[in-house]
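Take a look at these structures.
The same chain A turns up in both complexes below, where it pairs with chain B and then with chain C.
Right after this comes the complex of A and B.
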């Protein structure tokens, strides 16, 4: 197990190195304006001096190496357009907490609501009218089919008048947290409900459930101990990744409620051609994804005894 | 046999239907069947004949869209057709009737240890907990032939082979301490060598716990091996029911004839196997007359018009065909069946001569196939006349041929190829 994790972390680091190299090389193909805040006012000599100061006049492999060494020491560099001269780490430290807070709350909400909904839908497929299943399916289809911008707007418009709160987010007023969290959760609620229902219905039709019924296990116990437990396994793999991605923040919801979070930061700095910040954010996001995949695989291994991280001994 | 004892479970005129996409499927049509204590009953029939639906009725395990339209299932002082909810079935499922499913690879929960799954049954039906339950689990595992039970109980199903998993499934069934054990094609998914072991195990358990067993299968070899009585199902009805000997050696219903004729063991090497033409009727529509008539080359006119009732042949043997009606014309069964009939007579005579009562010995048609022992020669005997019939039509009455050949000049020959390649020589030799 430990050996497997170690191996996977090495793989992850290697993946990140490749990502950095590619993105760095690509960004160097962009106009050099990305490294200056005020290139129009600078003379050629000043530009050259600036590039030399950033180490960008040296051969590309050396530049990449230097950047890697810098990152390895925990220094993400300095923003030059988004906020001139500010340390990128500081910028992120100012924006991340609010996104993480909202993300975590919405995650808990969507897990609880989405999973209970999935369970209710799955259980109702065994009843005559399948009411819950039908309602749930309508909800899921609407959420999946309607562009999210539409229902986010509707939630904001009607929600704020219904609750009698401001349309904009203020960290001190807890009431203003409700609508963004609801918006952030609703897509995931549909997602978890859909997949949990699907896996539970799948499991409920398996032979071992028939055997469990034949051996006289009460239906409540079958749902909990056999169906739900086994249906969660395929979901577990994607859970860490969606947790991490939720924390990164949502572009649309954050701009709608003007939340000063991480959402949309990457798009913003790409537009501004703030090359050092683009590089730093891509690095963070890819680290999060790689970590998510690793955690997902480990969680899967914990949930399912058939998955083993060590080589099989061969014999049965 | 247990002919005169009271039936343990008694099904009367059971009609079971499914609602499917706005249509109604008539899955079981007027099924009446008694199950006697301690016997082993085999229900045979092709896929879709309603075997599984029938046994699921006994445990209330059919899907939600199925319902009993009429009829009754008397068991344990109750009418099982009146039980609706899982709570109603509590006293039956597991505690009275347990089940072994077809595919051991899928019938165990892959995420729970074997021990956990057996313990679930032990706790539910024997009321044991903790260390006592663990001990009971180990005992049961040992009983079904799994060595080192303490270690094995902690393992997951994927660490067991197919045959071992089926043993575990049987252990779960036994842990329930049932009165009736239903085996739904218990060996279909296993390879041939394991099949015999599993059947042996079920037989042992039957003896040890005085179980009544109901086998569902379409493998007549399994039937021959295990069954005291046989019920043949076709298109949702029981077309013939009788003791093993009666159904194997004196079948009356044309469908049973066709079914037995398609036994590979009765085929001739180099010739296509007998197969039944056509397809079973669509049970979304009410079947008119005899359900098998459209596929029966020798069907009578009345077969298309009026549904035959169950005619009794003997006290234990009855069949749903007009052929048994005294007014019916005499229709000869196909050659294969005549051969079987002769073999049956021979065996009865032999058994009488040797003063031993053997239902089992007569039944080893298929086992002989597998093992090639002395009984294997009798397989080739049954093949003989059919082979000569086919290569030299109109030579001899197959029945006579079978009789004259049996036990004479067979011993040295390779059993399968003999009738065909040496057909001419054989005929002349015999003539």
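Right after this comes the complex of A and C.
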């Protein structure tokens, strides 16, 4: 197992290297203004000196190599437009906590609501009218089909007048936390409910469940101990990724409620052409998704002992 | 002996003879004459020629299954009506131009934020353009973008997915490429492309195409890996049938339903992405009406209750389109799955 994890980590690092290289090369195609705060006031000589100081006059492969070495030492570099001369790590440390707080709360909310909804829907497929299942399906279809940009807007518009709170987020006022958390959770609620329902219905149609039912095992025990436990395994895979993704926040929701978090940061620095920050943020995004995938696989192995990533003797 | 007893013994006897016949046919039928036991069958040429035959037609069964679903048919009608209307709307009499700024003849000033009435059915926007005409022009733009992106995704995604799944030598390489591109967030690619290239319809289509096909290719690849070594494909290969023919005749027809599903879902998601890119300010220029631009323009004004119609009209049209496409796509995919054909 340790060998498998080691191999996966090596592979992840390799993937990250390629991603950084591609994005670095792409960014170098853009105007060099992205490396200066005030290019209009600089003379050509000063621009050249600045580029040399940043090591950008050298050939592209060497630039990339130098950047990788720098990142490997744990240095994300220095912002040059967003906040001139500030260390990027410091900027992120100032912005990430609020995103993580909101993200984790909404993750807990969506897990609780989404899973209970999925269970209710799966149970009601056995009743005559399938009422919960129908309601749930309508909800899921609407959330899945309508672009999130639109329903977030409507939630903000009508939610704020319904609750009588301001449209913008203020950390001290707890009431203003409700709408962003609701917005952040609603997509995940639909997601968890949809998949849990599908996995539970699939599981409930299997022969061993039918046998248990025929033997007279109470249906509450069947759904708790057999159906739910097996159905939840594929969902466990996404959990680490969802937790890690709270760091980067939600671009759309955070900018709607003007939450000073990580979400809008990437768009902001891209508009400002702050190339070093774009690079650092892309690195964080991809590191999170690679790490989340790895942790997800491991979590799935923990949740279901039958899943093994090490090849067994004689296994096909 | 009572009547009931008689019945019982009768029943018992008949059961016994039946059992005997079943167990030992030769003995049971021994009392029958020879020519009643055997009849000579005539040789029938026509019957000999008749082969196995089934009148199952894939598309026939698919359509029948689809039209059985009343909800899906309803939404199909909605889509058809909307599409038709979107394209004939500019040809109808008395329609206003989406890009002209209208002046009030009484005051000589522009109709700014004019609420909906008989002249402007959806009202006018902040600079005096007719929102009704703009909504339908925007729908045309957005549907066009969605359609092109979906077609590209289907064609290119299927092509790459088939190569990836069927040609074993390419598998490791493709998996590596996929891992790299899948790890770059889609938002980031959209932003970078819209930023590097000049904003416009082509740029948006390019950016959405760039990211969309990956998921499709991955999906097709997984399906192909599952079915490529099934016995019927093995049989085709040993009979010496070429790879191209196996792919087009054996593998792809099996995947029609999932391809149809992905295409129908790609259109609403492309429209959604267009709205998103416009929101973060790198989408289409504001002089091209699109649903994204309209939603964005409405969002700016939404804090004033009297101007909310500017957000609500485009979002309603958008929601109707995406929801109907989503439902029709899902139902069609269910209907196209041969497992659901009787």
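In this section, the second predicted complex is superposed on the first by the 312 of 316 C-alpha atoms of A that agree within 3 Å, B and C clash if a C-alpha of one lies under 4 Å from a C-alpha of the other, contacts with A are read in each partner's own complex, and residues count from 1 in each chain.
Quick note on the criterion: a contact is a pair of C-beta atoms (placed from the backbone, for glycine too) under 8 Å apart; a residue touches a chain by one contact, two chains touch by 3 or more.
Predicted, not measured: the structure shown is a model, and the values here were computed from it.
Aligning the two structures on chain A places chain B and chain C in a clash.
More residues of chain A lie in touch with C than with the remaining chain of the pair chain B and chain C.
In the superposed pair of complexes, A:178 makes contact with neither chain B nor chain C. Once the two complexes are laid over each other on the shared chain, residue contacts for A:229 go to chain B alone; chain C is not touched. Judged by the touch definition given at the top, the superposed model places A:219 against chain B, while chain C stays out of reach.
In the superposed model, A:304 makes contact with chain B only, not with chain C. Residues 126-128, 206-208, 210-219, 225-226, 229-230, 233, 303-306, 316 of chain A are the ones touching chain B in the complex. Those residues of chain C lying in contact with chain A across their complex are 179-180, 182-185, 187-188, 191-192, 195-196, 268-269, 271-273, 275-276, 279-282, 295, 299, 302-303, 308, 311, 315, 318-319, 322-323, 325-327. Those residues of chain A lying in contact with chain C across their complex are 15-16, 18-19, 22-23, 26, 29-30, 141-142, 144-150, 153-154, 157, 167, 251-252, 255, 266-267, 270-271, 282, 285-286, 289-290.
Every residue of chain B that touches chain A in the complex is listed here, in rising order: 59, 61, 64, 86, 89-90, 93-95, 98-99, 101-103, 106-112, 120-121, 124-125, 156, 158-161, 169, 172-173, 175-176.
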